[in-house]
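The first chain written gets the first letter, and so on, giving A, B, C, D and E; residue counts start at 1 in each chain.
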Amino acid sequence: MFEAIAFYLFSILTAVMFYITVTTKQALFALTALAAGMIFISAFFFILGADFLGVVQIIVYTGAVMALYAFGMMFFDTTRELKERSGSPLITAGLSILSAVFVVLIFVAPIVSTKIQVTAPLIAGTTNSQSIGMVLFTKYLVPFELAAVMLLVAMIAGIVLAGKKMDRSLTLMAEEEIMIAEEANRKVLL
Amino acid sequence: MELYLYIALFSPLVGALFAGLFGASPKTLLTGVVNSSLLFASFLSSAVLLGYVLNGQTVHVEMMEWMATGNLYIPFGFVVDQVSVTMMMVVTTVSTVVHVYSIGYMDHDKGFNRFFSYLSAFVFSMMVLVMSDNFAGLFIGWEGVGLCSWLLIGFWYHKESATWAANEAFIMNRIADLGMLIGIFLVYWNTGSLQYDKAFAVMPTLDNMTLTYIGVFLFIGAMGKSAQFPLHTWLADAMEGPTPVSALIHAATMVTAGVYLVVRANPLYHMIPEMGLFIASLGAFVAMFAATMALVNRDMKRIIAYSTLSQLGYMFVAAGLGAYWVALFHLMAHAFFKALLFLGAGNVMHAMDDELDPFKMGGLRKSMKWTFIMMTLASVALAGIYPLAGFFSKDAILEVGFVEHHYVIYTVLLLTAGLTAFYSFRLVALIFHGEERYKVFGFHPHEAYKFVLIAMSPLALLAVIAGSFKSTYFEMVTKILPNTEYHIHSEVTEWTMIIGTQLFVILAIFFAYKKYINFKGENKEFEKRLVYKVLINQYYVPYFYEEYITKPYRELSTIFWKKVDLKVVDATVDCIANGIYKAGENTRDMQNGSLSSMLRWMVAGTVILLSLAVAFGLAVRYADEISAVLSGLGA
Amino acid sequence: MMEIGLTHYLVLSTVLFSIGLLGVMRRKNLLMLFFATEILLNAVNVGFAAISHYYNDLTGQMFAFFIIAIAASEVAVGLGLLIAWYKRHGNINLDAMSSMRG
Amino acid sequence: MLDHILSLLIFFPAIAAIMGFVVHKESAKAFGVAVSVIEFVISLYLWFAFDTNVSGMQFMENISVVPAFGINYLVGIDGISLFIIIMASFFTMIGIASLGDMKKIKNLVITLLFLQMTMVGVFAALDAILFYVFWELSLVPMLYIIGAWGGPLRIYASVKFFLYTFTGSLVMLVGMLFMAFLYNQATGVWSFSILEWYRLILPLNYQLWLFAAFFIGFAIKVPMFPFHTWLPYAHGQAPTIGSVILAAVLLKMGTYAFIRFSLPMFPDAAAFFMFPIAVIAIIMIIYTAMVAYAQEDIKQVVAYSSISHMGVIILGTFALNVEGITGSVFLMIGHGIVSGALFFLVGVIYDRRHTKMMSEFGGLASVMPRYATIFGIMMMASVGLPLLVNFVGEFLSLLGFYNQSHIATLLAGTAIIVGAIYMLSSYKRAFFGEVTNEANRKLPDVNSRELLALIPLTIIAVWLGVYPKPLLDPINSSVKSVVMLMHEKAITPEGKSRIPSLENKVTTQTSEAEVK
Amino acid sequence: MLSHVNISLESLNIATLVPMLIPIVGALFILVLDLFKKDQRKSMYVMLSLLFVMLDFGSLIDSSIDFNTNGTILGYFDMMLVDGLALLGQFIIVGASILFIPLALTSKRFHEFSYPEFFALFLFMISGFQFMVATDNLILIFIGLEMASLALYTLIALHNRSKSFEAAVKYFTMGALAAGFFAFGSMVLYALTGSVEIHQMAAVFNADEFANLPFILVGVVFLLAALGFKVSLVPFHTWAPDVYEGASASMAGYMSIVPKIAGFVVVMRMFEFLIHSGVVWLNVVLYAIVIVTMTAANIWALVQSDVKRMLAYSSISHAGFVMAAILIGTTQANSALFLYWILFTFTNLGAFSMLWISRQKNLAAGQSSDHSYNKFAGLIKVAPISATIMALFMLSLAGLPPFALFWGKIYMISAAVSSGYVVLALIMALNSAIAGYYYLKLIIYMFMKEPEIDIESKVYTMNSSVSLRTIIGIAAVGTVFASIVVNPLIEFITAFVYNSGY
């Protein structure tokens, strides 16, 4: 019963928040709504017993990601009202609703498979974090490490792209210009 | 004997090549002399062969293989037998004369050498035609003479009318040649060979239908070459060529090739008498038809050409009725006097600066005595007056008609004989008698060179005496041809007929003289009559061809090109290509550079796939229900 | 209805995903567009967690975990790109990006 | 030497072409002539060494290229391909020798040598993929020749030529792959060897489909109505040398392929499709002849006449008997020589006046008598005058087909009429009459460089018309084996009856020999 | 309670990780090197990267020898899967990288090469793709894919001009959407099977005989969309032309090869079992997608005025062509896919390199894009060798024998024909004909038109250097003499594909 109430409550809340995120004209609203939605999502995780995931969600998303976005918003000066010319709202809305309807249409039927064999079963008597740790560092060690590398890649990418060096494009400069610029650079360095 | 055969056959070719070497250079008398000598050599060889054949022997050689594939075997084989030797004699005699004559006639022409080259080439082709021992070889000669005819008719190629006539002759002959080709195919597939002897040996085993087909198609070929109705129009137009050409090709030799073919194929036509009757009827019709056109024509050469046409009709009557030897005999006799007639006409033309209208001449007998004599002789022979050549040959044909009980044909031919006499002497009268009308036009006629006249004299001689060879000839040629003699049973009838005919002809001559000897002005009244109009317009046949065949063909061609080929066939191809290209042009906006629409496309693609998935999923899930519903609907 | 099953979560996930799609398609501001992509991933995460829960299997949670990591990386790169673009053009409007077409 | 003479023949020009890049452009033509003369001599040697009594393939070479997929470098020739190869090398030789001053002549010579490789390759290939390789590759040099040295519409023409034939041959490729698949099904191994494929007896419906697939490729190349529209453009725009080689050799690829592939592999389909194809052939003959008649450009007349003649070749091929097929092979050579020569001739006048419109000419016979004479001879050869080369082929083709259908042959036989009509009228318009255009009054007659090309062609045209035996015999024996194979392979009653059995013919032949 | 996990190191088969680890180590090495010693020359980094990638290639050879003797190897809790497909995929990925890295050695300076990070990211990307193909776990596939993609977006953007940013942002955004699709699709399949490993899914589906077909299809649709995006199937292709145009030619060439083959391997793993188990829907849909992709891309390529953009559409079309292999699904078809792609690598490498060496920094007068057709007009007069080589690549792309792609094409069409897809084979053939037009167009511009812009021959080799010319030479040789290597390739590939059970 509690579960049901919580589910519906959070469902509605998340849906509304996300809806606001995608429709509002106020960038700030959108950001706030997104953050709120994410937090509500973590509620589902907790309901479903995925405590670790819930925590990660709050920390990574609401903490890190939203902070990045907030920073971005300030950088891009999008705090004021957005002026968006929406191309063809009908198509847009139609497509998304259709996709939802189709999937839902299928999902309302229960899955009938009986042959499901889980690969990483929950280990009885452990906390969620423990068992996740167990799986993460055995079976999913490779993806985990790779994810780390991926984050490294993302970091390098972010740094390089946002870096000062990008302000001047060697691609567009003629060779002579590059020479001059390098000389100038050296003088500064000296 | 083979040597003589090869000399007879190839010396004209040597001449042609020799003259051809100088083809583009200005006149060298040498070519004329050399070619004439070569032709004379050919004539002598033919004569030797004739002597050989008269002894009852024939020569048959196979020079080399030409085509051989599958079952087909065609050699270059030549046969000198009684039939071909006749033709060889005719061809070589007339052509030798014409060659010598041409030295004089073409004296001032730029294309002197070229002319001799063509002329000799023609003789070679003609020799191939008559000497070949198979249908394919015959066809070589057949086409070869066609080519030479084209070259010679169009000899003065700067004249529009000459080139037009040349093309007409070639194309019309080609139409007939197709028939001949089909005939040859039929022979091959039914008898397995194209050799005369083998093919004719097999023919009796074939059914009548096949034989008729073969006969019909071969005869179509003959119709073209011999200018039988309805393929006759080219012959009159062919008179655009130099006169010696008309004498040689369009009177004496080439046009008789059709007759030769029918004679050659006598074993075949013998088996299909219905076809023979048709040939005879057509021949009779053409004889009359052409003679009527000659009555009113105002072109000297055309008149003679129509006369040729008419005489060819006679020959076909004989050949069609099975009197092959008679046909051949008339062919021979006709060759001599008709060539003579043409050469005489050539002299007149030369004298009159190529004027062809006899109404502008008159009284030429004073200045051109020898020509006058020879032409008159030829005309008498043509008219069939005893004892000249024409009498023996033409009367024989009349007799054939009578004896074979084809009285209609006989009557037609008899009437034609009268017409022939009439128009021949109309021409003689207009040219040589009466007032000297040419003076008005400022002509200064003169007699031809002496050697020209001498060259013509053998023909004149032959025109006179050829009839006397009749029995000898009969002896010889019937060794391979059916030896039917045509004698009217009762002598009274026979004599009545001969005398009657002679009287009729003489009457016609007299009438012609009377009407035209003192010709003053033109008979305007007569020219308004329908008869005249029909005749002068050649029964509107050329008009019909021009309006209903040539023009539509030309227009259809243009339509095919401009409308069908460019607008339909090609346009379809381009349309497909352009369609594809346009499709690209029109849909490239899908890629409008906007990220939003890109994303939308992606989602749209997914949604479409989803909808398909749903539809499919539902269909699978409710397969039973769907089939139940469908069966309920009666599907 | 009151018994919350896997289906409920899947439907929820779908609905949220569709909202994300809606955003992806209609947003012209790139930053806002990125928000929408986050929604997509979050929607999926809910689904994974639910399945994981109902199957008693940790794989789903692992997947969700990695999705979060991916989302985080994407944000970094995405923002990097946006900054680079913004420095050059002074806006992050999607409609400004259509120099290539056809 | 003898063992690899075909490879030598195929790759010698290509290697020479590559080396040609180094040759200075002043000497490029001389180099090209030298190479092509050597090539021609080798091809003559091929003839010399050819054993006429053998009806099968000779000089075979086999090197595995992709054994896993059954693709081999397999070449060999028989009587059918021998002369076309010789003709290809001959035309390249005289083509290069008669080249005038052209821009980028070095590129042209190199291109021609490459083209020669592909041409020889096509006719020597006995592996379907190898065949296809050369077949496709031949498009490229031709594309370049038309596109770079052509007239104002050259790009359109060259693209049309390329894409059209390319499309067709891709369909053919699918057919080839399917054929290989069927072979694989039957034997368990992959093979693209034509000789292996010959051994396969296919059910009728496969035959029909495969025949159709191959047909599209070949028909476009030939070109058959209604796929012919690329040809007038290609010829109209191509430089003389391009037209010559296109007409003389490249078009023959299609008809040759019919005999090499379609007939022996799908005899029943060939019999089945005989009448539809005969109808197409008749349309080609009459319709294109009429279109040719309507042309105003003398080169287009020759171009359309090519199509018309190709109709006769097709008809002969589908006579399905020895006479017809031999005739069509011979006509391929004949038409090659004649149309090649005619294109040369048109090129001669084009070089002088830079126009090909007949209305611009008239009376050329008096200005350029030698030219007019050679043109006349070739024109007469083209209309099929006996004792000239085309007649032999046309006669045999039509003769052969007559056994299959009388009416069709009658209609097709109008080729000799309609051919005469357009040829003579064009000749009349260009050569006869008075010289009306002042520009024509001082035209020089053919020069020695042009005669270098034209005289040999004239001689060959006459020689082969008078004495075709040296060619007919080898062709005949190879065709015989083809027909024999077809008869044996035929499974439908129609096929059996349409394709003659040659067993009893042998006896008649000996009896004929006795009669001789 | 948690118990200790005892796993023997041997059972982990750590060796399976080695090929992927080498580029990662290399990338880190470069980063560290940059930390310690700044301002090193580009050529050093290129060679260093090349070394690592070659090392990678060597280790792959080692693995393939191992595969030949032991068959498919599972490693690291079955996370790694080293079968024939994985090895072939990696061979192409690493091999193509070896060929493309030297393209950085241009004579002109471009922005991206001034970053050591460029090379590090490049190596990371290679590793990511390698991971993608060497596993059948959707999670690892996803991470590998994202890692590689993120690096790729950055590499594109580093070219540092307006168009390359635009390209990167477009690619990135669509990639993010595709990632969402991938995640969603995986979720659905996971919901159905309780597993994220493809072979496990296949087992479950087969066990209950596709009872949840509609569900399966939903999952398949989303995965198809996500992977279709990666391999650029219509209508998920829209990024491709813009990104190719925006990226530098070398990067565009790379993109046309490597990410796609990685995508194809995943697609093959994902869909092959579905096709073989008779999901009619998938057959139909794939059939449609293959045809639409081939045809539509060809049609759009026709109307392009920029060579690079044309090549972009052409590579979409080629992708559609290759996708047919997966639809056909026989061993021959799957082998044909790899054969085709290897040959395609050489040809496309050549074509894009030719564009790359003609790259100018500033557009010449009258030019609207870097590689417009009329820039190449009359090339034969100015730079005959360049023109000839470029024509060679175009002819190969058109599938003209005996150049490289022809062999791939016939093997592919033969596969189609052999399994009854005759109509498909015909459509493939006809599409090749359409494609002929736009390849021909370039040849026509080069060989038959007069030069439109008055430029010297230098322009066409503006960016050339010995290394670039060498690469082009390699590509040209590979294109021309492909017929020699086709047989060993077919045998090699077929053995690998067959032994992997595809």
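Throughout what follows, a residue touches a chain if its C-beta (ideal position, glycine included) is under 8 Å from a C-beta of that chain, and two chains touch if they have at least 3 such contacts.
Remember, it's a predicted structure, so these values are computed and weren't measured experimentally.
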Required steps from chain C to chain D (each step between touching chains, minimum): 2
Return the chains shared as contacts by chain D and chain E, ordered by label. B
List every chain that touches both chain A and chain E. B, C
On a CA-centroid basis, which chain has its centre farthest from chain C's? B
Innermost chain, where centres are averages of C-alpha coordinates: D
Which chain's mean C-alpha position is the greatest distance from chain E's? B
Could you tell me between which two chains the number of C-beta pairs in contact is largest? A-C
Where the centres are mean C-alpha positions, what is the separation of chain C from chain E, in Å? 26
Intercentroid distance (Cα basis), chain D paired with chain B, Å: 35
So how far apart, in whole Å, are chain A and chain C when each is placed at the average of its C-alpha atoms? 6
Per the C-alpha centroid definition, the whole-Å distance linking chain A and chain B comes out as 98
Multi-chain contacts only, two chains or more: what residues does chain D have there? 163
Could you pull out the residues of chain B that touch at least 2 other chains? 577, 588, 591, 593-597, 599-600, 603-604, 606, 610, 613-614, 617
Tell me, which residues of chain C touch at least two other chains? 6, 10, 17, 20-21, 24-26, 28, 34, 55, 57, 59, 62, 66, 69-70, 73-74, 77, 80-82, 84, 95, 97, 99-102
Please list each pair of chains that are touching. A-B, A-C, A-E, B-C, B-D, B-E, C-E, D-E
Enumerate the contact residues on chain E facing chain D in the complex. 380, 395, 398-402, 406-407, 410-411, 413-414, 417-418, 422, 425-426, 429-430, 432-433, 436-437, 440, 443-444, 447-449, 483-484, 486-487, 490-491, 494
Across the complex, what residues on chain B touch chain E? 577, 580-581, 583-585, 587-588, 590-591, 593, 595, 597-599, 601-606, 609-610, 612-614, 616-618, 620-621
Complex contacts: residues of chain E adjacent to chain A: 1-2, 5, 7, 17, 24, 31, 76-77, 79-80, 108-112, 114-115, 117, 120-121, 124, 127-128, 131, 137, 139-140, 143-144, 146-147, 150-151, 153-154, 157-161, 164, 191-197, 200, 204, 207-208, 211-212, 214-215, 217-218, 248, 361-362
Chain B-facing residues of chain E, complex: 169-170, 173-174, 177-178, 181, 213-214, 217-218, 220-222, 224-225, 228-229, 234-236, 238-239, 241-242, 280-281, 285, 296, 299-303, 434, 437
Please output the residues of chain D touching chain B within their complex, sorted ascending. 160, 163-164, 225-226, 228-230, 287, 290-291, 293-295, 321-323, 326-327, 363, 365-366, 369-370, 373, 380, 383, 385-387, 391-392, 395-396, 398-400, 402-403, 406, 409-410, 413-414, 416-417, 420-421, 424-425, 428, 431-434, 466-469, 472-473, 475-476, 479-480, 505, 508-509, 512, 515-516
